[in-house]
Structure formats: structure tokens, C-alpha cells
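Order of writing sets the labels: A, B and C. Residues in every chain begin at 1.
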Amino acid sequence: MDLTAKIEAILFWKAEPLTVADLARSLSRDEHEIAQALETLTIQLNGRGIVLVRNGDEVMLGTAPAMGGLIEQLTKDELARDIGKAGLETLTIVLYRGPVTRAEIDYTRGVNSSFILRNLLVRGLINKITNPADARGFLYRPTFKLLSWLGVKEISELPDYRRVVDKLREITTNSITV
Amino acid sequence: MPETFAVRVGEFEGPLDLLLKLVEERELQINKISLATVADSFLEYLKELPRPTMEILGNFVVIASTLILIKSISLLPTLPVTSEEEEQIGDLERRLKLYQLIRETSSFVREALATPLIFYRDPRQRVVNPIFSPTPEITLPALHLVIEQLVRNLPKTEILPTTSVKRLISIESVIADLTRRMESVLSMSFKDFVKDKSDKISVIVSFLALLELFKQGLVSVTQPGHFSDIKIETRDSNTPRYG
Amino acid sequence: MDLTAKIEAILFWKAEPLTVADLARSLSRDEHEIAQALETLTIQLNGRGIVLVRNGDEVMLGTAPAMGGLIEQLTKDELARDIGKAGLETLTIVLYRGPVTRAEIDYTRGVNSSFILRNLLVRGLINKITNPADARGFLYRPTFKLLSWLGVKEISELPDYRRVVDKLREITTNSITV
């Protein structure tokens, strides 16, 4: 695989801005080679759905500017759609057990929750904070706006709060291996 | 207990796994003859199964019943076999072949898991400016309902379900029962022997015990005609015989 | 912008599995046009850093399998790929026989698979969909995550796929129970 393809793969996966120096280090090449490969990548992406975005010495991949309208429409559609059973399940676990790890959400639901968590984040129903116990992980908690939408001033006003939390804690405490 | 047998919670070796191991150990093809050959060894393992895991035992006994059928046909060729039983035997052969193929393939899958990977974009990175967008479904009563359901469906502390399994009689106790009743009656038919055993598994286990005694030469089994009952007699020469 | 570029933009931006029907709806095209554009996209991405991954009727963009080693070095996450024997057997059945019912998995393995299925669901290696033939039941199928672990763009790239599938069919064709 050539250098251009490697850069494209890294930028695609990272989904955040990287400097030319970052790329040079990751790929064990000098910055001049990286800069040349970035030129080639820009040309290769011409007419495609994604483009190379440059900002000072930082680069990242983004959707082509001509796609702006389409993406805006998609965002609107996404927000208008119901969150469904998966969304309600994930939301209740975050409400009753938050701040909570994804592992506990997954275990409680019995399925993997990564896509639905993103959806709830985009909708501003939950937010994530760094896990003090594990710097690489996150904890999810309800937003204040969600609480006021539900008309509760604090979490303990949720229906049956004490009993549900005790039950959830009892069952999940010893079971999560992640 | 045979050292190759291990029951591990969540990842136990099932009856097909055991049966396949027995056939492959002897470098045999999967067919009726090889299954009759390994039936005894399989039933030995069945005797050693630990008590608390009734569901696992249930899985084993179902396979055991078919093996006993195959074994008894090989011992008593006159035994009448229904077409349903023929199908049962054919089905076991197929299941074992199927399982063998899956197990073979799973080792390719294990190796494939070590090859280079495909990585996806981290979708969480896309959350830049969240726009608060609740939907009408998000209400306290709806959330309450959902959390109750989740709590109910959580796996309980004991992972394996222990219900739904018929009570099983240990092979040892059936052999003891058979011996005791033989002593008093001297000669009895298999129908008498199983008459107060209503469920299929008890009959199967009884039949297994009978075959075991037959093999050990403790009883003689006669069957006057193709569809008649099997007669069981002790081989004690001091007692009078009839039938 | 042509349809292929639009699809590429949506898949890039969404970063989650989309069905052909999803794309058709978002782009107001019929599914046949989408399917053709996806073929074109697969070819256009040939030799690039990213690939189109297909899983049943869903598609997603991922890094090219040849980049796996490179990116694995860059990722700090521990990739826990250790799966026990029962898990591997179950994954194999789901991969080569899926979408498949739990009854068929149990029948094939000769044991109850509910515990191992839950484990694989939580790890995000399989997911379940409603069984079209039985609304109360589920079908289990591989996820994009499983395909990515295996480094294949679609299931048919699995080792020995054709031979195993044919053999499985041959064994089960005259089966009475399944």
C-alpha cells in the first residue's frame, strides 16, 4: 500500500485533526514526504464524497462542501426520528444508574449500545465525562435539559427510584467483567 | 472421574462434543457402527456427570437414549425398530457430522481472528454541537415501564436455568432396583420392570441398566418373538427357572 | 455530485451501518440505483485506504484490511480478541449459517447457547433481528465489528466459505428436525 492510502486510512479512522508531524511520526517518514502524499491525496479525492481539509499544519478528512445541504437534511431527519426501544432502554439506564460506563449499559441491556449512545449524545439527552477510574473510558449521565423535560428536579424523583437502583446494583455489581 | 471430562459454567463440553471426541479418539468415521462402539464409553461419562447441572444432564440423556437404541440394535438384532427410531438414529449421525464440520471450521475462524483488521471511524467523534431534541416517547411512565422490563430480564446470579428438566434417576439406583427385584421375582419382563416409570427418560435409563447387566453376564435376556416383550432372568443356577 | 460520491459522503459522516433502504430514502433514489452505485464505490475504493464493508443488506466504510497492522500499532485500546471454544463455535455457526435461530444453534452444538449468545451480543460481535418467519423469535447474525475482527469486507471472504456452506447444506438438507 502506498503512503497516500496509509494517510487516508489513518485520517479516516482518527476522525480528528492531525498535524503533518503527527503523521510523519506515525508512519516513520519525513514531513516532506507526508506533505507530498497529502497533495496527491487532495487530487485523488477530487470529485469524491470526502475531501482533505487543511487548517494551518493540521489536516483531517471531511465531507465534500457540495454535500453540505445533504448532511444538514440528514441531521434534521435523524433528530426527528423516534429513539425507539433501544433508545429508551439506554436512556433509562443512564438516568437510574448514571454516571455509568458503557460496559454496564451493555450488560444491563444484553446487547452492545455504542451506536445508540452516540444518537443520544447528538440529541443532547445525555453527555459523557471522563471516567475518574479509567482515563481511557467515559461515563454517561443525563443532561439537565433531559431532567427538566421529564419534569424532575433530581434523579431520586424518578419513579420507584430506590427499589430499581437497588435491584440494578445488586445484579450488575458482581457480574460485569469488562 | 475420567480426567478428560470437565463441566465449566458457561462453556461446558456438551454431549455432541463428547461423542465426537470418543469417535475421533478411535479414528472412526461417523456411522451406526462407530456410534455403537462408543456408546458404552459415552454412558460411562453420563454416570460421572455432577448432579447440580440438571439441564446439562438432560441434554446428555437425550443423546444417550439414541446411543442405547443403536447399541441395543447391535446387541439384539431382533429388536423391533420403529421408523421414528430409525429417524432418530439418522438425525444423531447428521448432528454429529454437522457439529464436526462446525468445530473444524471454528479453528479457521480462530486463525482468521489473528489477521489484520478493518477499523471504523469512531462515531462518538461526530458529536460536535448537540441540539436538544427530545421526542414525545420520552415520558416518565414510558421510562418506568422500560426499566422494570430490563430489571426483570437481567440474568440472575445463577447463570444456568435449572428448571424445565425432568427428574432423572441415576443409573446406579436403577441397577440396584433391578437387582433387588430380580432376586424376589427371579424372572420378570422388561414391561414389568418399567411399568411404574412413566417418563421416557426413566425407561431409557432402565434399559441402559439392563443392557449393562446383560453385558456383565448377570442376567440373561430372551425375546421369544420379534415383537414380544424382553424376558429377564438371573443366571443363578440354584434357583428354578421358568418362562 | 454523482450518486456514488453522495453515498460515500453519507457513509463517512454517519459512521454506522446503513441499509440500502436507508440510503435510498435519504437520497430519494430507488434501491436498485443505490445497489449499482455501491458496486461502483467498491471499485473506486480499490487500492485506497478505505473500503466498503458489506454485511447482509447493510454497508459501512472501514479502513482497508491491509492497513490493519498499521492502525493496530496506533491504537492504544487493548483489543480483547480472546474468545473461548463455545464462543468460537457459536460465532462460526452465525457466520456460516446466519441469520440463524437460537434453536438451530442449540441443535448444532447440542447444548443451551443462551449464556454464550448474551455474551457475544454484549461484546457486539453478533446482533439479533426479529425473525420474519416468527415475530416472537430472533435471528442472530454477524456484526460489522465481527467482520472487522476477521478482516473481511464481506462474509463470503471467510476462509473456505463456499466449501463449508455447501457441505453444511448437504448435511442438513435431508434433516428432519431443522
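The rule we apply is simple: a contact is a pair of C-beta atoms (placed from the backbone, for glycine too) under 8 Å apart; a residue touches a chain by one contact, two chains touch by 3 or more.
Keep in mind that what you see is a predicted model, and the values were worked out from it rather than measured.
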At the largest C-alpha centroid distance from chain B we find chain A
What chain is most central when centres are computed from CA atoms? C
Mean-CA-position distance for chain C and chain B (Å): 33
Could you tell me the distance, in whole angstrom, between the mean C-alpha positions of chain A and chain B? 46
If you average the CA atoms of chain A and of chain C, how far apart do the two points sit, in angstrom? 21
For chain A, write out the residues touching at least two other chains, lowest number first. 9, 12-13, 15, 110, 114-115, 118
Using the touch rule from the top of the page, what residues of chain B touch 2 or more other chains? 119-123, 125-126, 155
Given the complex, residues on chain C that touch chain B span 12-16, 51, 53, 60-69, 71-72, 75, 79, 81, 83-89, 91-93, 95-96, 107-112, 114-116, 118-119, 144, 147-153, 158-160, 164, 167-168, 171-172, 174-177
In their shared complex, at which residues does chain C touch chain A? 1-2, 4-17, 26-27, 44, 47-50, 61, 63-64, 66-67, 70-71, 74, 76-77, 118, 121-124, 127-128, 143, 145
Please output the residues of chain B touching chain C within their complex, sorted ascending. 10-12, 14-17, 55-56, 59, 63, 87, 90-91, 94-95, 97-99, 101-103, 105-123, 125-126, 155, 159-161
Touching chain A in the complex: which residues of chain B? 119-127, 130-135, 137-144, 146-148, 150-151, 153-157
